Structure formats: C-alpha cells, structure tokens
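So, here's a batch of structures to check.
Each of the next two complexes has chain A plus one more chain, namely chain B in the first and chain C in the second.
Moving on, here comes the complex of A and B:
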C-alpha cells in the first residue's frame, strides 16, 4: 500500500493536532508576555522567580512526588497480585471501576469520612487514639490524591506485567534465581515501561489538582494548578496564569523526556 | 507454586475495601433521614425523591451524558483515523512526531488544557457553553483513543493486509474487513475510556463552561464547596449503579470479542 492513498486518515487527525494541541500551547506562550492591562512585558517571568512563586513551585513538586511514590508503592504489589488471580480481567475491571466514579464525588465522600464526626475519627476514638483534625491537613490531601490516582497507576503496571512472557520467569527459576532476584533482575526491568507510564499519569496531574486542594486541603496546599486556576478564573490575570502554565509545560516536557520510552516495535 | 496464599488475598482485599469504602459510605448515608454524613438516624428515601423532583439537576445530568456520548463517539472516529495514520506513516520521523504531538494532551495537566482552551475559544469568539465543552471533551479524548487502538494495529501482521490485497480486496475492503474487525477490541476500549474521561472530567470543563451551561462535575463541585448535602449522596448512589451496569455491559462485550472470530478473510 502506498502512503498517498492513505492521506485521508490524516486529515481529521492533523486538523485536531493543529487546532487543539499546537495552537493552545502557542497561545499560552503568547499570553505569558502580557500583563493584566494587555501590554507586552517580561514582568510575569520576573515575578515567577520571586521567592513566593518559587516556594509554591517547590512545594507543589514535593506533594506530587509524595503522591506518586505512595501510589507506586501500593499499586505495584496490587497489579502483581492481580495478574496471579484466576479471573484477572474481571478483577482488574473491579479495580478500575472506582476510577469511573466522578472524582469530585470521591473527594466529597472524604469530606464526610474525614470530617470532625466522620468515620475516620470515630475509628480513631474507638482505637483509643482520640479524634483529631484530619480534614484540611497534608495527610488528608495526600491520602485522597493517592486514593484517586491508584487505579491509574495500577492499569499500566498490570498491562506490562500481563505482557511478561512467563517462560522468562521459568528460565530465571531454572537458572537458580530466587524469587527476589527474579523480581529485581527480570520482572521489574521488563515492567519498567509500565511503571514509567504510571508515574507519568500520576505525577503530572498531581501537580495541577486544584479541586482537591480546594476541597480537601482547604486552600492550605497551593499547587501550580491552584495558582493557574486562581489567576485565570478569579483574578483574571491571564498573563501571570499563562506564565505559570509555561513553567508547568516545561516541567511536563522534562518529565516526559525522563520517563519517555523508545518505540522499538517495527511495523 | 502452592506457597502461602493467604497474604496476597489479604492485601488485595484491603485494597478493594479502601477503594470501595468511600463509595459505599456515600451510598449508605444517602438513606439517612438525619441529614448529615456521620450519624445514621433512620432509613428514608426522601433524598432520592428530592433528587427526582429537581428538574434543574436532571437537565444537568442529561447534558453530561449527551456530552459524554457525543464526545466519545466523535473522538473515537478521529482517534481511529489518527491511529491508522500513525501506524502506517512511512517515515519514522513523521511517526514519532505524530506520536509525541498525540501524547501532549495526555500528559498535559487538566488546568493547562482548560486554560489554553479558554484562551483559544475566547480568541475564536466562540461563546462558552455546550459547544465549547463538547469541543474540549472531544479534544482531550482523541489521544487516549489513539493510544488504545494503536497497539492493536501494530500487533497486526502486515501479511494479512498483503494477503487480502492479493486476493483482490479493495482498499476499503481491507479497512472494513481486515483491519477494523481486528482492532475492534481496541476501538471499544478507546470508546469507553473516552466516555470515562468525559464523565469524570472536571477541571477542563470548569474552565470552558460558561454561566449558562453546567455539567455534573462542575455542579457537584459547587455543591460540595457549600458543604455536605445528602442530595449529592443520592446522586452518587445512582451514578454508581449506572457505572456498574455500564461496566458489566463492557465486560461481556469484550468477553465475546475474545472468542476466536473471523480471522480468515473470506470473499
């Protein structure tokens, strides 16, 4: 088949890329050079490098890192054990099912659970630890974020574990590898792509969760996302919002490069 | 391999409990006559009655479903075309460029997509509302469809296409009788993922929705910011039921597709 006859596949897709991928990114870059009155300026960039914004950026990264780390630590064993179950596709579906429930409903559920009289505090009191403020703390923010991202981390890891050729494990066994060695030398390296994909899926949204910071962290935590939302929808300072967005995009590109995988497949 | 089978089961059970507890917590309290989320006073269906009497909310639900179905359908079409374009791109460079551009919206944080689309729609002069939300949902669902379909196309052996062509199939025949049946599971997966993305999306919609138009997520957000109201609980119970039905349907569809079917192309 010659390519030129296939160009019709390309038309809607390339249009989509041009209009919704390239143009919006350029517009964000363009707007980042304007102040709130519409004058061309570099002031936004200077402002970004003041301690206020730098501190916010750092803390945003720190939270995203913690969220990703805990998600990974919980998700990997889950995905691994899932591949060992009998009806693994069904179990996988059940794991992913909660991610289909609206994110805000889940956050809202935690408003009840972590509330002053909620289930978590009743549980703590029954355990003899005593009730405490859970909502609007770092703990609640990270817990709820991990809860929400867990299925997204499990899915790619599960897929890469599932693709793993079982004869490789037998080979490792036959050659005398203990289960730990097999995991470290065979399973983990071969599923690294899944892990990277999972980290990518979790880390980048974790930088930008403004609804969770608003609902669960009670404006205590300000992520890059919260700042962008604030500038765009509250103070209407699109220029500064765009500048933060530019830095978020740069972070995103860096993460993509770091976790990017080379396409090896030959057609 | 019959080692201690207990702790994996315990671990998985724990994950399942944590994943589902908040959802059932919400549903449980939707039957609470007490009006709060911590003290169960008595069984009532009042919240459901109130929900069904609330026409404004029902319209919002309808809007959300229409947006989800439309955007999933349209993005599936564009996404399949895109996957074909990427898979059959002759030049490696073109292919990699397309893939990278495709992934931009997947790794982009929601706030950036939302903010940049807000700029885009404002610049075009598009009134914020149904159309802008629909366009935004299509735009961010396309790449996920591509990613679900692409592996299916790439795992397909090209000799099948050559065989079909040697046997006199036209290009359209090859597409509809060889490629599309083969990649159907991927297309379904893509469609359902797009549906999920659309139903679950809050951040992007929040940016590009105007004053007149609201989707469920945005509505829940504004309700939840005002505090606990058991109407939301009743709503989430219904949404959960709906999701279960959807997933069950999806499970049986994929089950049926797994059975060996028309691999051989017959004229």
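Moving on, here comes the complex of A and C:
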C-alpha cells in the first residue's frame, strides 16, 4: 500500500520529465540527423568539425570561462561581506532585485549607458581619461554578462558561507591559524559546494548566450547560441541547429559531471 | 494529503476565475471570435491611429502583432500557433509561401480601392496577377550617413565604404541577404548570384571591410544612428526617411553599383479565421487618404498613385525614395534562392561575422 501511494505521487513528476525533458532531448537528437531537405544524413556532424564551428565552440568556451571567472571574483568577496552585515536578508534582496527585470530591458539600458554620448563616456571625460568606444567591444560584452549573472553566483556562495559553523573559525584561530590559513584551509573548502553550484549556474547559460552578442557586442562575438538561433529562425536548417545543440548538451553534461558533488572529506 | 488537495483545489479555482474574468473582459470590449482581425506586421510599420480609425469605422477589433524578419514570420505561420488574418511578407517570402501553400487567394472584387495602385507595382513576377498579395509599401537598401561625423566626405557607392578613413564607422543590418548582396553588388555581380566562386569572392571582399565595421545590429540601428553613434549605416530606405525627417545631419544614398528593390505586400495566410475582415482592412489601407497618412508616418514609399496627391511635394519628388526609371533599372528584386542556396548565403554571412578585426 505504501509503495503504491508513493508511486502515485510520482506520476506527475514522471509525466513532466518525460514530456518536457526527455522528449525534447530526443527530438533534438532526432532532428540532428536530417539535412535541410529532410534527408537522413550524418553530414551535420561532419560539418561541426570544420574550422568554422570549432572556432565558434572555442570562442564560446573562452567567453563563458571569462564571464564565470569574473563573476566568481566579484561574487565571493561580496557574499562574504554580506554574511557579516547586520541586515543580511535585506542586502541579499537588493542584490537579487535586478534579476527580476527583463534581460532585454537591461541590455537596452546598457546601450544607452555605454554609448558614445552615454553616462560612462561622460564620466571618463570628466575624470580626464577621455572618451573611448565601450559599446561593441569584448569589455562591454563581458561586463554586461557578468552584471546579469552575478546574482546567480552570489546566492549559492552566500548560502554556503551562511551555513558555515562559526565555531570552526574560532577553533582555527585558537590553534594558531592566521586569517589566510583559516580561509584557505577552513572557509574555502567548506564553501566549495556553493562555488561549484554558482559556476555551473553561470557557465552553462553563458555558453549559449545569444541576445547580448548582438545588442552589446554588435555581433563581434559569435557564440554557439547565436548560430543555433540563426539556424532555427533564419536558415531554417533545423538539422544543423540541433547538431550544435547536441554538442552543447554533451558539454553541459560533462561540466556537471566534472564539477559534481564528491563525497565530503571533512565533517 | 488533505492539505495537498486543498492547495491544488485553490490553485484550480483561482485559475478558472482568472480565465473567466479575462474572457469576460475580452467580450465586453468586443473581442469575440468572428469580430476580430489579427494582423502580423513588421515592427513600427503602420500609423497606429489608422488601426483605431479602422476599428471605429467597422466595429471590428484589431489584434496587432509584429515580427522582425521574413523567416521568423514564416516559421510562426507554418507552425500555426496563432491564426493571423493578415501578414506582410516581402516578395521572395511571398513566392515561398505560395509554393508551400500557406496563402489564401485575394478576392479583388472586395477591394475596389485596388484601382489606385500604380500599375508598375501590380502583376510582378513573384505573384502574377496579384492572386495572393496586395502591395503595401516598397523601398530600397542603401547607405545612410552622418554629415557631421564624415565632414565633407561624400558617399555615392558601395565601394566607398572600403575607404580606410571610415575605420570603425559602419553599422550593418543583421541580414544575410542584405550584407551578402552589398558584397556582390560592390563587385558588380547580381544580388541573386548562385555562382559559388562569386559568392566566396564577395565574402572575402566583405572580410576586408571588417576594420571599418563597428557593429552588425538589428532594429537598434535606428536608435544608434539617431544618437550619432556611428557615421555610416546600411539601412532600408524607410528607416533612412524616418530619421531624416527628424535629423538634418543625415543623408541617404542608393549606391551607384545598384542595390535591392523590395516590395512588402499584404497577404491572407491559410490559417486566417476572418478573411472577410482582412479584405476590408486591405481596402481601408488602400484608400488614398489613409495610405498618405500611413506613408507620412512610416517613411517607406507608397505604391498608391492617388495617395501621392495628399502628400508633401518635397517627399515625393525625392528621387532617393521615389526613384525614376533610370535608377530603378539598376535595382534588383530578391529572388527565392531555394533552401540550399539560402543556407549557403547564411553560412558565408556567419563566417564573415566571425572574421576578427
């Protein structure tokens, strides 16, 4: 009886997974074996290994790596300081708030801020550095992407820092550990799970960014996401679009496995 | 368990209540089936006052949706999620939609105002006899430049864009056919060239333009040119006209080597629920006064001969927007290249976009 009712509860979940996760994945795989005229072929896979797509893959990974790295560098100290403040939840809310605003609106706002006559350039001129082109550069692309992904990096790190037992820090102190040693040997290893979760949440979507590449980078940065969008909407070459998607999925699974939870050695 | 059921029941009750309220609101505003007209048009491509006027005159409620490329529009119509009564594709898209049997024929007897359309725009190769489509607007692709930024340097041809002095000054529209067409035209090849050697030559020539290119963007090009963000923009004629009405420091030129001449026509998709209202709307838009009002708002060139009488003399005598025969002879209409060739154009365009400075 008990197992029966447990299985009963599983039905909606299984249905959901089957309909909205497994079926689409199978469809993507299925479409990847057809060319533009609907004939079965492996040509798409051969095409993926030509310099054009390999270069695109490399540059996607490179930009996603940079975005993740800078997000982490900013997010970790921020999350650490957050745990030390008095009204943690309020500050956290303020950091999460911008993520409620539509991505496109934020991107358009940056078009204005980074423009030749925008706020950023007026500021640079007032500082005596002089105006320069900010929009449509690698810098603006990475800056805006980091800005957008930052809350997703801060949250898991904040949570793991917040759960950290403060007595462990006292113990480290009592045993003569300097603050650097405490950080390296106690705080960081214990919050590693949060860092990993944050990196996954940022790296994987960053790999397939597409709107920002046009709006902020002016198509000077081409990622796999841009190519998928173009194949589905413009060329209507669903086969090639799906093939790229298959490789993206494989890459994501690999990343999940590599950064996945291992058995905790401490505690 | 009990709590779970209660929670589920509450969610269901709230959902149905909302559904009921929405349908109540819709019918109180006149949005009932049979009394609505769903229009699928390019962004910023109609004077909204005309839609209001049509609603008042006929009592039909208009639902208005927009798209930003022929391909996106066709994909949506093919999949049939929304039943559009009117769509506004360009000529090569009409050809393709005809082939794929996505259109309903237009009944000319229901559109008496059709007589106002200039014969030059009727019976064109992509839809002989205008069986499926009624002219809406037409225009060209050309170069818009900012005289404040470029100073006294003039632009008359595509090849002028390769001038090293224009480093980092050019904005391109994010369209494979427009950009590849520009490369082909600059080499005096046809816009519809299917010769692979010519296409590769054009792509290599475009690669050499990369240092001059600031960005390849979509509809944002209008805003960027308006804010003096770049000196040169490759745009559609209507975007140029609309900006030139607002700003004195912009000039538009149809390049010497030739360029694209395009037509956007109104069609009735096969999935239409209210073809009757679609015909009424087409007739309404072709009314000379309405067409003139629409043209003054949108900025593209109207095919409506009678509407020209209601418009500014200065606008209609401007040869860049109402080109004479000699100029028209240099312009080319896009042909439907077929899926394979179009994919090849897109592939080259993608490679061009990836070419590093």
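Just so we're on the same page, the second predicted complex is superposed on the first by the 259 of 267 C-alpha atoms of A that agree within 3 Å, B and C clash if a C-alpha of one lies under 4 Å from a C-alpha of the other, contacts with A are read in each partner's own complex, and residues count from 1 in each chain.
Just so it is clear, a contact is a pair of C-beta atoms (placed from the backbone, for glycine too) under 8 Å apart; a residue touches a chain by one contact, two chains touch by 3 or more.
Being a predicted model, the structure only gives us computed values, none of them experimental.
Student: Which partner chains sit in contact with A:37 here, chain B, chain C, both or neither? Use first/second/both/neither.
Tutor: In the superposed model, A:37 contacts chain C only, not chain B.
Student: Classify the contacts of A:219 with the two partner chains as first (chain B alone), second (chain C alone), both, or neither.
Tutor: Only chain C is touched by A:219; chain B is not.
Student: So, does A:150 touch the first partner chain B, the second partner chain C, both, or neither?
Tutor: Touch status of A:150: first partner only.
Student: Could you look at A:233 and tell me whether it touches chain B, chain C, both or neither (first, second, both, neither)?
Tutor: both
Student: Considering only touches as defined above, state whether A:208 meets chain B (first), chain C (second), both or neither.
Tutor: Only chain B is touched by A:208; chain C is not.
Student: So which one touches more of the residues on chain A, chain B or chain C?
Tutor: The partner that reaches more residues of chain A in the superposed model: B.
Student: Which partner chains sit in contact with A:111 here, chain B, chain C, both or neither? Use first/second/both/neither.
Tutor: Both: A:111 reaches chain B and chain C.
Student: Which holds for A:50: it touches chain B only (first), chain C only (second), both, or neither?
Tutor: Touch partners of A:50: none, neither chain B nor chain C.
Student: After lining up the shared chain so the two structures overlap, which partner does A:167 touch, if you call chain B first and chain C second: first, second, both or neither?
Tutor: Once the two structures are laid over each other on A, A:167 reaches no partner at all.
Student: Following superposition on chain A, which residues of chain A contact chain B and also contact chain C?
Tutor: Of chain A, residues 111, 115, 117, 214-215, 232-233 contact chain B in one complex and chain C in the other.
Student: Which residues, counting only chain A, touch chain B once they are in their complex?
Tutor: 1, 3, 5-6, 9-14, 16-17, 19-25, 27-28, 31, 74, 77-78, 81-82, 84-85, 89-91, 93-95, 97-113, 115, 117-119, 122, 147, 150-151, 200, 204-205, 207-208, 210-211, 214-215, 224-225, 228-229, 232-233, 238, 241-242, 245, 248-249, 252, 255-256, 263, 265, 267
Student: Could you list, by residue number, the parts of chain A that touch chain C in their complex?
Tutor: Those residues of chain A that touch chain C are 36-37, 52, 55-56, 59, 111, 115-117, 133, 135-136, 214-215, 217-220, 222, 227, 230, 232-237.
Student: Contact residues on chain B for chain A in the complex?
Tutor: Those residues of chain B that touch chain A are 8, 11-12, 15-16, 18-23, 25-26, 29, 36-39, 77-78, 81-82, 84-85, 87-90, 95-96, 98-99, 101-105, 107-120, 123, 135, 139, 142, 154, 158, 161, 165, 171, 174, 196, 199-200, 202-203, 206-207, 216-217, 220-221, 224-225, 227-228, 232, 235-236, 239-240, 243-244, 246-247, 250-251, 254.
Student: Any idea which chain C residues touch chain A in the complex?
Tutor: Where chain C meets chain A, its residues are 69, 71-72, 75, 168, 171, 174, 176, 214-218, 220, 223-224, 227-229, 339-340, 342-343, 346-347, 350-351, 353-354, 357.
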